[in-house]
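Chain naming follows the written order as A, B, C, D, E, F and G, and within any one chain the residues start at number 1.
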Amino acid sequence: MSFFLSHFNYIAVAILMMAGLFVLFSSGNLIKRMIGLAIFQTSTGLFYISLAKVFGGTAAIAVEPGSSEARELASRLDPAYVAQYGVDGVVYSNPLPHVLILTAIVVGVATLAVGLAIAVRVREAFGSVEADEIDVLSRVEATQPGPQA
Amino acid sequence: MTVDRLLDLAATINPGFYLIIAALPAAVARDAFTRAVALIGGPVLGLLAMLYPPVSGADVSRQLFLGFELSLYRSDSLSLIFGLGFVLAAVLGGIYSMHRRDRLQDAAGLVYAGAALGAIFAGDLITLVLFAELATLASALVVFAARTGPAYRAGLRFLTIQIIAGLLLTAGAALYGVEKGTFLIAELGGLWNGLIVGIIDPTSAGGMLILAGVGIKAAFPLVHNWLTDAYPNTTETGAVVLSPYTTTMAVYLLARFFAGYDPLIWIGAAMTIYPVFFAVMENDLRKVLAYSTNNQIGFMVCAVGIGSTLSINGAAAHAVAHIVFKGLLFMAMGAIQLRLGTTKASELGGLHRTMPWTALACLVGAASISALPFFAGYTSKTMIMTAAESGPGMFVVWLMLLFASAGVLEHSGIKIPFMAFFSHDSGKRPEEAPYNMLLAMGLSAGLCLIIGLYPGWFYQLLPFRDQAQEFLVQDLFSLSHILQQLQLLTFAVLAFMVLWWFGLYPPEKPGVILDVEWIWRKGAPMLGRALSKPARAGGRFVSVLTSSAIGGIQKASRQVFAADGLVSRKLPLSATAILALCILGVVMLFSMFR
Amino acid sequence: MLLAAGAAGLLAAMAMVIVRAIIGPSHYDRILAVNSFGTKTVLLLSLVGFLFGRPAFLDIAIVYALINFVTTIALMKFFRYRSLAQPLGLSAGEEARDG
Amino acid sequence: MTALPSSFDVTLALDIVLLVMLLVVAGAVARTRSLLAAIIMFSVYSLISAVWLVVMDAPDVAFTEAVVGAGVSTIILLGAILLTRGEAERPDWRRLIAPALACIAVGGLLVFAAIGLPGLGDAASPANAYVGRAYLEATPKDIGMPNVVTAVLSSYRSFDTLGETTVIFAAGVGVALMLGFGPRASLAPPSAVIGDHHVVPRVAAKLLIPLVALFAFYVQFHGDLGAGGGFQAGVIMAAAIILHALVFGLRETMAAIPPRVARSLASLGVLLYAGIGVICMMNGGGFLDYDYLFPPSVEQQIPGWLLGDSEHAHHWGQHFGIMLIELGVLLTVSATMVTIFYGFGGRTVEAARQEAKQ
Amino acid sequence: MTYLPGLILALAAFWFALSGETAPLFLMLGALSVLLTLWLVARLKIIDRDASPYHHAPNILVYGGWLLVEIVKANLAVIRRILGPTHAIDPVMVNVTTTARTNLGKALFANSITLTPGTVTVDVDGDRLKVHALVRETSTAQSFAPMDRKAASAADGRKS
Amino acid sequence: MDSVLSWIGGGFVVAGVALSLLGAIGVLRFPDFYTRIHAASITDTGGASLVLLGLCLIAGLTLTTLKLVFVWVFVMLTTPVAANALANAAFSSGHKPRIGTFQIVRTDERRKTPRGPDAP
Amino acid sequence: MIAFETLHAAPPALTAHAPLLMVVAPLIAACAAALAPSARVSWMISVTGSVFAAWMALAVAGEVARRGVVDYVIGGFAPPLGIALHIDGLGVMVALLVSSAGVMASLYSGHSLTTEVGAEKHTLVQSGFLLCQTGLLGLVATGDAFNAFVFLEVSSIGTYALVAIGEKRDRRALPAAFNYLIMGTIGATFYVIGIGFLYAATGTLNMADMAARLATLDDSSVVQAGFAFVVVGLGIKAAMFPLHGWLPGAYSYAPSLISIFLAATATKTSIYLMARFVFDVFPYGAAFGQAFVTWVLAPLAATGAIVCSLQAVFEKEIRRILAFSSVAQVGFILLGLSLATVGGASAGLFYLGAHALIKITLFMALGGVALSLGARRLGEFAGVAREAPWSATAFAIGAASLAGVPLTLGFLAKWRLIEAALQAGAIWVVVVLAIASLLTFLYVGRMLEAIFFRAAPAGAPRAREAPVGVLAPLWVLAGLNIWFGLDASLPEQLANSAARALLGAAP
């Protein structure tokens, strides 16, 4: 397997990250920015999951040792390979990054929700979700006294 | 028994604290009595603490702090004479400003005096720096207390430069102390003729920083503006409160740290000369006094630089005398300011009719500053002149000092009282100054005379007592000195009158030529006047240049840093994010391809 | 082998639908494409399970079928009512429930 | 490198094709100006990445990505653009140069850094050989459940999951603070009965909602056997309720599940989770050490037949501990998602009304 | 209330089909889940006949078989047009009236129309349906009649 | 027996995928939105049914088969509703077709205007 | 002075679990506060939770003083499989800081919320505030790199919305919160990516384990990339110049409760984590670490200290002045750390604590007054000292401390920095400090001048003195500023042990 193929995932992840960030930078629209941010965050997940993949591995949900399913899975692989890297005759992918990314996805959706909620309030307060216009309006605000309690 | 122990305990406290503590009642009290008690009582307590029991050359209260031994209170003859001056100034200033119900200024003034006093009696660099910083802040408050726009701006400028000085001082002290492993004054240097002076090596990094900091506080040439800027902008009593401490403290510090450091001679000499031109041309009499302060400090700096026992005695004596007579002059001007709201020479004149006592006090002050024999200034300045005269290769310095003396006569001795009280009648008939002012002025004037007439007890207090006694007996009232001084005086008065009559003040033509001395005395002013125009132009050019440069920098930095400025405005979200990305790249580059 | 071929074919179909989703031209076209894409995803998910010898992950396919529906309803309400809160129109008769 | 398993070709092919699709879709998101199109493409992005995750042996993550990415995120985004109205303005291309350059440069560096990473599927890489493998080996004897991901998630790294649940709760609090306190008058029933054009979705929804809810419970309770768990179940449950709200109106749903109840349930879920931890602590173990969930006397009395066979030694503490905390997660997640939907959905009308007034 | 047992049964069957676990714990959890689901659905007030057509299941299954055949036929017809030249399609919108009385019947009919490629229900308003058809000639109001009859009878539970 | 069923199942899968491909081609080729719906429904019905049927055959009589059936049921249940909802949204907001007659027959008295109170 | 070695603050049963309870107590309180029936009850819950957390932090402090390091295994699985809390001298210091700031802020919140936030939101605001506290304490306590991310987000997510509700007083809070969210998320995601690289290189997530394994690795591009991402990500969270764009808005427009708490803690914990990574996790001495500290961290910190001080000088809104000052002070702290000596680290950490105390004093004093005045810009604070002398005086004390006036904590902090810089021979640091301190004097002077020396224009709204509920914690804080300025042995002890924990046992 060529080097390019074995590292294609990382290259793709790098590009996705940058694409997400680019969406974030290039657009003044708050909603669009949140989408960019979401893409950026998701790409992190892709990175972790790519790390966790194991040749010939299967999802880290234990197969009953000795069952037909286990035999079937093992039969696809080199026995030496299974002996070295398998657990009870089955090769599994690494579960840890999956766990981490589950958490990261949750964090992502939480961020998205809060960010969009704030964006909605921005729209209600400023009448716009374009960063440039909000900047202009904010600067007007700076010259006015605050409300008194 | 217990009283004794209490007294002993009280005597271990740095006298400055008494004044600082007294600031508290002064800050809150509303009735005149409490104020009076606080304003007078604080300094008096300080004085008593200073004198009881007379401890000399000892670190009274040592403390461990941040791993270094500190001494909050150390007293010797050098500190004592300066301290005496400060306490006198505090008492007089207190009396003088009694009519003015300004708690901020009173409290700040007391703190200022206390902090200055504390610095004088500090036994180590840290304590000293702390007190000096406190004094800085308090003094700024005194300026602010005028509560006018110009005062505010002047105060900010004042604060800025004082803080720079303070930081330099702090950094220098830290550097020096860390380098030497101790901050204690007693351990930094050895005794010299029974006194610890000149203890800091000005060529070390820390020493340079300290020198720079003290130099600013002493208003060395080119960094003197704060002084002439701040003093005239205070309240009528503010200048009186302000004038005694900062610069005098700087002189003390110079004496303590750098006595005998040759460059100080030249710096001092320069300091004596250049303010003369400005003072002569200045219209605002309080500003004239500020310039004159500059000039007087120059004498002291020069004396410190000479570094003989005589000269240090002279510096200390002149410092105290200066406190008294300059205070007196400021008081007189303050009275005018109070009554007329201005001290511009062009708007004054003929005030002696209704303010006779003030005029009299002013005359005494003017005589003192002019070093008229039998007045305070003469007692001290003669010592400096003698020291300068006697040194090898000091002829030029001596001439410079002489010229400066003439200048002092010109602007402070003659111009101030003449312009204010006599001169042409401005038609103004202000009331005589309030009683408390008169009392303060009277006391000051009395002091001037006492020092001038009976210098013996005064000389007892000087750092090098024996040498001072010797000088008293041999030199002070020697004919040559008196004659010299009188010649100087006559010349100056003559010159002034001639020029005045010709309506050419500042004068264009020299007066009488008597002898070599007179030639010099004539030629020097001529030269000065000849130089004054280009100097003025140059000065203006420099000041325009600096002010426009400062303005430009300020404008530019406002454009860059203000809320809608370059940095803040151009740093919205995406820019920050891109920066984050760039820094990420930089960090990666650094770690990978270093 | 046939399954692999099937997966390849589905991927090709998905790619085509993505092209439609990108070029539009109307939003309805895009949603249609996404919808169709969703169905293909369900199929691919089922297929991949068999392909990798772990057919137990059909739950994901089921979930997809269900979630896709919710999203489409939301999109419809977006176009139809510009609101997510509005009920889908009720006829008068339906208020009386037989339960 | 050990001989490649033959099936890996297929995996790799799928992997690469799906990633290319992802790139294309991400490019489309970046390019499009229409927000709606961007959202639609973003949901496609989620779909593709879910399939990719299955290919990469991460069914649990795929599950989550499916329910979150294609479901909740899209609906929230829709709610947001309903409330904000607008197309993204086309930025001046000159302003894009700096970001583009920065992105390209850092992307290049990233690729350069990735060269040092072990290739895809390397079983001997540190990531896969050390702790990852240790989990696979330790789970059967420590926890005794087939789904290692669930075991790691809710037992080995249960503190992470507590934090994750808290994050969701915090998001609920945040959205409620932002959007949740508008006047509710807008949710009054529509004044005029409007035509009935929606028999079909309504019938379908009625049919589906019970099934979806039950499916959520299934996912919840079988998280230790197969893909799934409290989080996924919570989102599916929320999807059922959201579907109800979409079809029958927010007012109806709020009548059944008032916003305040939803918020309370969210915090109760976290409390349940943390409470389990505290109970373990009070029974003498560490925080969240499920082996101490039951005092030994109680644990001995749990009949073995509950799990069908009495001869196996069961980790009852682990089983019930995980089940209970997953229940907490379910509560928090579903209640929070509903709260979030209430926030965006309930706001829709208000914004529209305000606009109508102006 | 005939539909409630149907719903419970259906839910239980659904659970068991998904789970397949026979351990008592899981069965108990299943029962709990069904109960919770019912409670939720009851709170949401959507338990009615539409929500639970399961007692019609046999009828609907028979109908489903017939529909499958229709779907296959329609599939072939549309594939021809996909592969053929574009102008072969001739879309049209037709109004169709349904005889189904219940919502379930209407929905079943409308969905059946949508499921057969070539026709899509666009709108259901009372008993009138708007249907968009790909081919004009095979899509007249009458051509939907058999489907309508069968769907209505299957869902409404009456003989046509 | 097993392998024979697998092959047959595989065949069904391939056939279903072929239908899906055709549907996708239709979605690409057809001229406007309304016609594309028809093409898309090929995937939803024929394609999905065949693929899932094939998988059922491969799986044999196991729980998996039941789940496949559920997938199928759900697909069959949701896709037409989705298509209907989509078409309805397009139609009611006045999205015009590019070809064919598009008789917007409004026989409903309550909706005199194309944009009612419920329209945006 | 407290000798921590002899501190047995809590019964042994609690002490054994203290590291964990410190984190979980606010979490449980947060849930309870969200359930509370009224604002009053939720406030009481909030105070109770914060006080309990602070109590536990004290108990941990005792343990750490006795044992050096406290480890607490969660779930019965020792790392690297499980997650363990790991608190050393540094952690204790920051934990004490956060929890005591939490106590002060929660005490303060009883008053401020009533005027700043709609009544119906109080319970949720308290809940969010407690969540934020949980996150920060968890971040400090955890010994697991990924767990740290989770708690980073716990603290952030709630905070974003809490900042945004400042919109009731100033609508600019909304875009500020949004920017904060974007930058915060980018930072956190960078951190996660970095952890991913590190995980790829080491295979573990436990920080101690990671450090041990990194020490045996050659520094590959993977480790370096991980380092870069972690450091820059945390740099964003810590508002390291020039990544501070989000901070001024977030701090100045948030409700005062939030600014108080954030200003004292948020960036500090990120700095803490960054320090742990730079010095602890990565083998310090690895060339890339040193290159970073010397060529990136120190120059940026210096630039930040000066530029942001300048911005503060030219700023018109008083809370923004303080916010910019915060960024500048972050520069000070980082400068201290970048000296990479025990003295430098100790000074930097001392400064960290001092600055937290100072900023919480300032923001609280300001909050108390500004609330009733509705003022933003300097000019509007004219004459406040007359109307609200107690608050104004406390503000003055805090300001003096910020400027580094002798006899205050701020002076000692600056002093120690200078001393450390001199000992390390970094004269340029002293110069930077001097310049920045000077600028500090300028903007502090501007603020004090406005508050004390300017008369309020006629007809201007009159400020009201803050109620006792605010004044009490405020004056405790102000008093601490003075007290520590005179006797700094307590913070010194903490900072020194923290610095030793960070840079090894060498004195």
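Before moving on, here are some points about what is shown:
We adopt the following convention: contacts are C-beta pairs under 8 Å (C-beta built on N, C-alpha and C of every residue); 3 or more make two chains touch, one makes a residue touch a chain.
Please read these numbers as outputs of a predicted model, since none were measured by experiment.
Across the assembly, the mean Cα position most removed from that of subunit F is the one of B. The chain pair with more C-beta contacts between its two chains, of D-E and B-D, is D-E.
Relative to the centroid of all protein Cα atoms, the closest per-chain Cα centroid is that of G.
Centroids built from CA atoms put subunit D at 18 Å from subunit C. One simple way to say how far apart two chains are is to compare their mean CA positions; for subunit D and subunit F this gives 27 Å.
Per-chain CA centroids place subunit F at a distance of 56 Å from subunit G. If each chain is reduced to the centroid of its CA atoms, subunit C and subunit E end up 17 Å from each other. Multi-chain contact residues of subunit D (touching two or more other chains): 7, 57, 59, 79, 99, 102-103, 106, 109-110, 112-115, 117, 125, 127-128, 131-132, 135, 157, 160, 163-164, 167, 170-171, 174-175, 178, 190, 194-198, 200-202, 204-205, 207-208, 211, 215, 218, 225-227, 248, 252, 344. Counting partner chains per residue, subunit G has residues 146, 150, 153, 157, 160-161, 164, 178, 182, 186, 199-200, 205, 221, 224-225, 316-317 touching two or more of them.
Residue positions 14, 31, 52, 56-57, 59, 62, 66, 68-69, 73, 75-76, 82, 86, 89, 91, 94 of subunit C are each in touch with at least two other chains. Within the complex, the subunit F residues that touch subunit E are 19, 22-23, 25-26, 29-31, 34-35, 37-39, 41-42, 44-46, 49, 63, 66-67, 70, 76-77, 79-81, 83-84, 87-88, 91-92, 97, 99-105, 107-108.
Contact residues on subunit C toward subunit D in their complex (touch as defined above): 4, 7-8, 11, 14-15, 18, 21-22, 24, 27, 30-31, 34, 37-38, 41, 44-45, 48-49, 51-52, 56-57, 59-60, 62-64, 66-71, 73-78, 82-92, 94. Subunit C contributes residues 1-3, 5-6, 9-10, 12-14, 16-17, 19-20, 26, 28-29, 31-33, 35-36, 39-40, 42-43, 46-47, 50, 55-56, 58-59, 61-62, 65-66, 68-69, 72-73, 75-76, 79-82, 86, 89 to its touches with subunit F in the complex.
Across the interface of their complex, subunit C is touched by residues 58-59, 61, 63, 69, 72-73, 76 of subunit A. Against subunit G, the residues of subunit B that register as touching in their complex are 66, 129-130, 133-134, 137, 144, 147, 152, 156, 159-160, 163-164, 167-168, 170-171, 174-175, 178, 205, 557-558, 560-563, 565, 567-568, 571-573, 575-577, 579-580, 583-584, 586-588, 590-592, 594.
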